[in-house]
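There are structures below to look over.
Okay, so chain A shows up in both of these, paired with chain B first and chain C after.
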Partner chain A sequence: MSRKPPANILSLASQTAAQRKVKTARPVNLNLFSIKWPVTALVSITHRISGVLLFLAMPLLLYVFEMSLSSEAGFRQAGAMLASPMPRLLCWLLAVALLYHLIAGCRHLLMDIGFGETWRAGKAGARAVIVLSALTAVLAGIWLW
Partner chain B sequence: MSQVLISIYRYNPEQDSKPRMQNLEVEAPGDRDLMVLDVLELAKAKDPSITYRRSCREGVCGSDGMNINGVNGLACITPLSKAAGPARKLVLRPLPGLPVIRDLVVDLSQFYEQFEKIKPWLINDEPPPAIERLQSPEEREKLDGLYECILCACCTTSCPSFWWNPDKFVGPAGLLQSYRFLADSRDEATAERLAELDDPFSVFRCRGIMNCVSVCPKGLNPTRAIGKIRNMLVEQGT
Partner chain C sequence: MVTNATSLGRSGLFDWLVQRFSALVLLAWIAWVCIGVIAMPEFGYPQWRALFAATPMQIFSLITVLSLCAHAWVGVWTVTTDYLNEAHLGRTGTAIRLCTQAACLLLTLTCLLWGARIFWGSG
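Moving on to the complex of A and B:
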């Protein structure tokens, strides 16, 4: 922009970044456990964590999927594998992560088009995500067992 | 009178190699509520070396922004009852993410640099009319919820995106002000302003977690302003 700012602002801007360079020896207060997080932030960070979990689980899921598609015997083998308690629990946990990621992601999309951007609606939306996820987690559990 | 327990972040660069927490007890009137700043003044009466910024003591100047029991806010307008609850225990730390000069005083240079970036002044090359540049009441209304910002830095220093990229992400306070000029009918530099924000960091590091909205002492909404800027960038097709 070629247009000139008012003189008083210009004097501030004329200091170079080097002149204002921050002393690096100074400590920074950034203990994440000393900070109280609002529900909107917790829902957002959990969205990320669930996404990472799903990504990490992809090879495992693809492996079982591939096994089930290989042959009739393979399909039975995969089915038997998933029927035992621990893998079934793992399946449920991944289903919960997926459902949570989906629901929280939809909330993010809604906010991107301008819904729920007030503080009250933002909080309500975050709580709705938690409630809906808990409900779907129970439903997924019922379906699996 | 009743006891208030205060835990204060202390760091004196001339004496301390690293920060520490100091515990203090002060006697506060039990029959009425105090503001956190009042309690801090009582603590300073006991230990005059405690350092913090303050000026207007009524939430207008924005100098006593600090982290009060984990939540950023202005000490002068945060009631003790709201901050500490019935436990009457206060934990006071400097605004997170910025270099600490001493005790509760942080170096706000990075915050101001981001503010400067968005050119916080009206840009209009037309010769000014004899009296003033007029706006309709509707045009003026668009600035409500934007112009009230006092630059206390509570929002920006509660934002993880700013903590990780204080040099590249403009932050909630800067972006709220940016939208204040984008939305101003008298400003002619909309396209230039948007062009300068059009990169992966300046605006798009906002993930909409609303920490900024949750702490703003003036009840403003940077998340919504950032959404508006994002929409303007999209509409511009850049």
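Moving on to the complex of A and C:
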């Protein structure tokens, strides 16, 4: 009787070692200004930026929600606040960030279930995200002003 | 793995699933609130309050607040681990990342409790 593990486990072990070697030897380019930005990368980084913006805006959104739900007076106060120019602009910017994050997120979910995973479809999807979010940004602007 | 010590579920696949599931909850809640507002004969405080006052909506809103915070944490964790590290920032990278993540965690937990009070108390 041999004490050696089965061959498939041996090959698996050597494979992981090889993969580890590849990982440590992977080239790293940290200069974001020297790398190319295809449309898919732009859509991806904008998804991240909009996500961080929305994260930082969470307390503000909760504040307005709390005010609007607290009382009739609070509801009117929240409405009056959003009617002045600067808060309205901020409201529009956050709406744009939310709409963009939502649309780009839907593209991610579609890709997760297998749609648009090729390079061509990925580029087309990224362009669609830009067009759709620009359209909804304009619509949000029209609705707010 | 030490690098996973601050992730939500100690597992990339779990975090990935949480991010997708919470995204769907957030999408559903936003759609529901938008439909609710559009369907109102007139937009006023009584109608706005009534939208959030029913028990099923309170539960839905609370699940949404939980989802928002889980989604936010997975996203913030991903972004901070990608950019705030020793490769980008030098030797202080890990310290900067952990301090930023601690601040983000406090903000997330504050929003979780605050949001829970707003929507659970809206009955």
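Keep in mind that, in the parts below, the second predicted complex is superposed on the first by the 116 of 145 C-alpha atoms of A that agree within 3 Å, B and C clash if a C-alpha of one lies under 4 Å from a C-alpha of the other, contacts with A are read in each partner's own complex, and residues count from 1 in each chain.
FYI, contacts are C-beta pairs under 8 Å (C-beta built on N, C-alpha and C of every residue); 3 or more make two chains touch, one makes a residue touch a chain.
Note that this is a predicted model, so its numbers are computed, not measured.
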**Partner chain(s) touched by A:F75 [first = chain B, second = chain C, both, neither]** = second
**Request:** In the overlay, answer first, second, both or neither for which of chain B and chain C A:L102 touches.
**Result:** second
**Prompt:** In the superposed arrangement, which partner chain does A:G122 touch: chain B (first), chain C (second), both, or neither?
**Reply:** first
**Message:** Quick check for you: in the superposed arrangement, does A:S34 touch first (chain B), second (chain C), both or neither?
**Reply:** first
**Request:** Applying the touch criterion given at the start, work out whether A:M111 contacts chain B, chain C, both or neither, answering first, second, both or neither.
**Result:** first
**Message:** By the touch definition at the top of the document, which applies to A:F65: first (chain B), second (chain C), both, or neither?
**Reply:** second
**Request:** Could you look at A:S44 and tell me whether it touches chain B, chain C, both or neither (first, second, both, neither)?
**Result:** first
**Prompt:** In the superposed model, does chain B or chain C contact more residues of chain A?
**Reply:** B
**Message:** I'd like to check the shared interface: which positions of chain A are touched by both chain B and chain C across the two complexes?
**Reply:** 28, 30, 112
**Message:** Using the touch definition from the top, list the residues of chain C that touch chain A in their complex.
**Reply:** 20, 23-24, 27, 30, 44-45, 48-49, 52, 68, 72, 75-76, 79, 87-88, 104, 107, 110-111, 114-115, 118, 122
**Message:** Could you list, by residue number, the parts of chain B that touch chain A in their complex?
**Reply:** 9, 11, 13, 18-19, 67, 69-71, 91, 93-101, 106-107, 109-110, 112-113, 116, 119-121, 123, 125, 158, 160, 163, 189, 192, 196, 207-211, 213-214, 221, 223-224, 227, 230-231
**Complete:** In the complex, the residues of chain A that touch chain C are 28, 30, 48, 51-52, 54-55, 58-59, 62, 65-66, 68-69, 71-72, 75-76, 102, 105-106, 109, 112
**Message:** Please output the residues of chain A touching chain B within their complex, sorted ascending.
**Reply:** 1, 3, 5-6, 9, 12-13, 17, 20, 22-31, 34-38, 40-41, 44-45, 108, 111-112, 114, 117-119, 122
